[in-house]
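The following pair of complexes shares a single chain, chain A, combined with chain B in the former and chain C in the latter.
Take a look at the complex of A and B:
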């Protein structure tokens, strides 16, 4: 079983790397967009899936990555890979003090605090014309080939999967989950909750920053509304929850399925696609609130695994 | 020899209400001290002040002769103070094993070592058959037991037990008494906050502190304290204060 899985995984990876060689422009572009979302879903999952600090403002870091890319490439003529990494560094540096302040808030206050922070960044980007050209936006040189950024987006997904899988099995991951379950009890059991949350928050900021940089490079244009697309935030959250928040494979499964479904609906039912998409989300969350991956895992455990001792509740 | 824990003149007010009023007592190593008193006497507040979940408004708390006032709960946990919660709060979505492993991480540097240690503690506390059960699916008695197991995983010198016997059947109370006695054999001192279950208190305690309305009414050995006029008055009303209480 494990060997079969490994062979399938190796084939999948080979196929993904070969997509740019043989795939059409449309396929590459679609895969690129999907990977940006999957990467962001991995970032969101690290802080909101594991510690249950649900953020509505991770797009703040997307915007920082986008503007870093635009400013460094268009104004300072940096090569795009360096600009992407600089955007990631800027986001992480900002995330440290931001997290220190925001993670004192709990539940909806944290979610709304992050949403508010995104609005502030949007205002700053609009007003600070000297740096961002305000509403006029910044134009980047047109992209000649999608292949290099496609590979960068694929790397980001691999990093998301790899980092999440390592954390999931580590002491750090167990601490994050204990915070998500009950922060006061975690603290009483010796977990330095402030430190663990902050580490997760900083790590989580890296993924949207990278996605934002690649997105800006691909679009060749950045203005405040393209740098802070609030609707992307919602999509990313839906993907992570649909696949299974706080799981290793959830963001990948949820991201690929939802972008696939959205694409098909859009192609087949142009007028109704948003309605149908919303309907599917509602139905899915009604019948598997924990997401797809935990559901499949339970099914598999029920089929093969030893029967767990059943407890009478009471 | 210095006491393990020394609570000195500790007070805590909530918006003018004195939940604790200059309470002092000591806990010696390896002993079991029960803090008894009716609901609202200040037992949970006392535990929250000792662990650092609440700051005292006055007084000081010393652990191993060193002030721990102002430390956060995860710091007092690392120093060797474990606790259970009156309203149980195991990590519901984690398995019994993972619940204990979280606490074991305070002493072990890797997840693997913490898991191994957690297995040992589940054996010790008779929870091993439920290692892979999510804590939310355990009975109340087992969730309470899990909280004690989790506290033991910290390798503490002292465990604060907040109403570990409340809501249990007589048979479960007996099992809990055994568990608390097992703590003593591990060299762990315990402070048990207890509202009812007085027979159990008599059986396990080396020393009893009586709290009422945030003040210490009396303290002493179990046999003495239960007959203290103030205690009888607090529990049974002033009408019975003159009459000798039945043990």
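Take a look at the complex of A and C:
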């Protein structure tokens, strides 16, 4: 079983790396978009899936990544990979003090705080026209080939999956889960909750920042509304909870399945897709609150029958 | 800034603050009773604003006559949301998280529905132009009227919570759900009524706001943050706190709008919210919640 899985995984990775060599522009572009969302879903999952801190403002970091890319490439003519990394660094540097302030707040306070923070960044991006050109936006040089950014987005997904699976099995992951279960109890057990959740928050900011940078590079244009797209926030959260928040595979499964759905929705009901996303969020929470991955796992466990302890089977 | 402009800004800030107070009472009530913040609160505000706008432009209905319709719609949406969505969330440790996410979903359904019906443009209802002049200061008629209606409704709500059975039940559940339950109060029903009432208050504020500001479907989130900020500044569960918080926000926005720009004024709610939470988490008057 394990060997078969490994072979499948190796084949999948090989296929994904070969996509840019043989795939059509459309396929590459579709896969690129999918990976951006999967990566962001992994980011959201780290802070809001494992702990109880639901953030509705992760798109703030997306905007920082997007503006870092635009300013560094268009105004200072940096090569794009450095600009993307600089965006990530900027987001992480901002996330540290922001997390220090915000993570003292729980439940609705944290949720609304992050929502408000995103609005403040939007306001700053609109008002500070010396840096961002305000509402006019910044134009980047047009992209000649999608292949390099495609590989970067693939790398981001691999990082998301790798980091999450490491955390999931580590003591750090256990600390995060204990914060999600009952923060006061976790503290009483000696967990340094402030440190754990701050680390998760900073780590979680990296993914949307990277995605924002790559997105801006691909779009060749950044203005406040494309840098802080509220609809992406909805989509990312939906993907994480649909796949299964607080699981290793959830963001990947949810992201891949729903980007496909989003593509269809976008093509057929472009005007209504936000409504449908909202509706799916509500339906998922109502009927499948754990998400798809835990549900499938339970089904599989039930099919293979009750697992008896070794002593009992003798 | 001349003393005259200073006084004029204070008048404007107080009038806006009155409406902000009304909209924050809804979030305060729901939060107190259920421990949940409705992220679609601002979208209920905008929805009622658009209903008022639609009735006014399409059928020339006076906004004061349309007002009850907006409030009734808000109450109905709230009752349905609580009955079929939030009320079905299992009350375990994940309840707050699930409820927040759920109202987030509802929020985007409403934003998109408003966009489909009314487009993305800013709309307003200009039914009472001009202003009254008193003591050398201008009282814009529409703002003054909105302030008076908001104040009257806030007073009615206070009386309702104080003197009626349902009102007392709501307060009892927000203070101690187990105790209230032991005394024979139907908690689920009280929650449905509270959520409906909270949404009705949002709708009332929205129907007034559209007569003094231009609104667009995407503005709902901003009003959710404002309502929440007012509640945080004043303190959860405190009536005078909510009104004082609303005045502080209204005045800050008006002064920032005058001294800097309207764009920057939009971010003030968040900054006040953060400052109060870091310095005094229970707000100016509220009970400890953190």
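Convention: the second predicted complex is superposed on the first by the 283 of 314 C-alpha atoms of A that agree within 3 Å, B and C clash if a C-alpha of one lies under 4 Å from a C-alpha of the other, contacts with A are read in each partner's own complex, and residues count from 1 in each chain.
Just so we're on the same page, a contact is a pair of C-beta atoms (placed from the backbone, for glycine too) under 8 Å apart; a residue touches a chain by one contact, two chains touch by 3 or more.
All of these numbers come straight from a predicted model, not from anything done at the bench.
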item	value
First (chain B), second (chain C), both or neither touched by A:204	neither
Which of chain B and chain C A:237 touches, first, second, both or neither	second
Chain B versus chain C as contact partner of A:279, first or second or both or neither	second
Touching partner for A:156 - first (chain B), second (chain C), both, neither	neither
Chain B versus chain C as contact partner of A:86, first or second or both or neither	neither
Partner chain in contact with A:185 - chain B first, chain C second, else both or neither	first
Between chain B and chain C, more extensive residue contact with chain A	C
Touched partner set for A:36, first chain B, second chain C, both or neither	neither
Footprint overlap on chain A, where chain B in one structure and chain C in the other make contact	181-182
Contacting residues of chain A [partner chain C, same complex]	52, 54, 56, 101, 104-109, 111-113, 115-117, 119-120, 123-124, 126-127, 181-182, 230-231, 234, 237-238, 241, 271-275, 277-282, 285-286, 289
Partner chain A, residues of chain C touching it in the complex	31, 35-37, 39, 85, 88-90, 93-94, 96-98, 100-102, 104-113, 115-116, 218, 221-222, 224-225, 228-229, 232, 261, 263-264, 266-267, 269-271, 273-274, 277-278, 290
Residue ranges of chain A touching chain B (in the complex, touch as defined)	169-171, 173-175, 177-178, 180-182, 184-193, 308-309, 311-314
Chain B residues within the chain A interface of the complex	51, 53, 72-74, 77-78, 82-83, 85, 89-94, 98, 101-103, 105-106, 109-111, 114, 129-130, 132-133, 137-140, 142, 150-151, 153-154
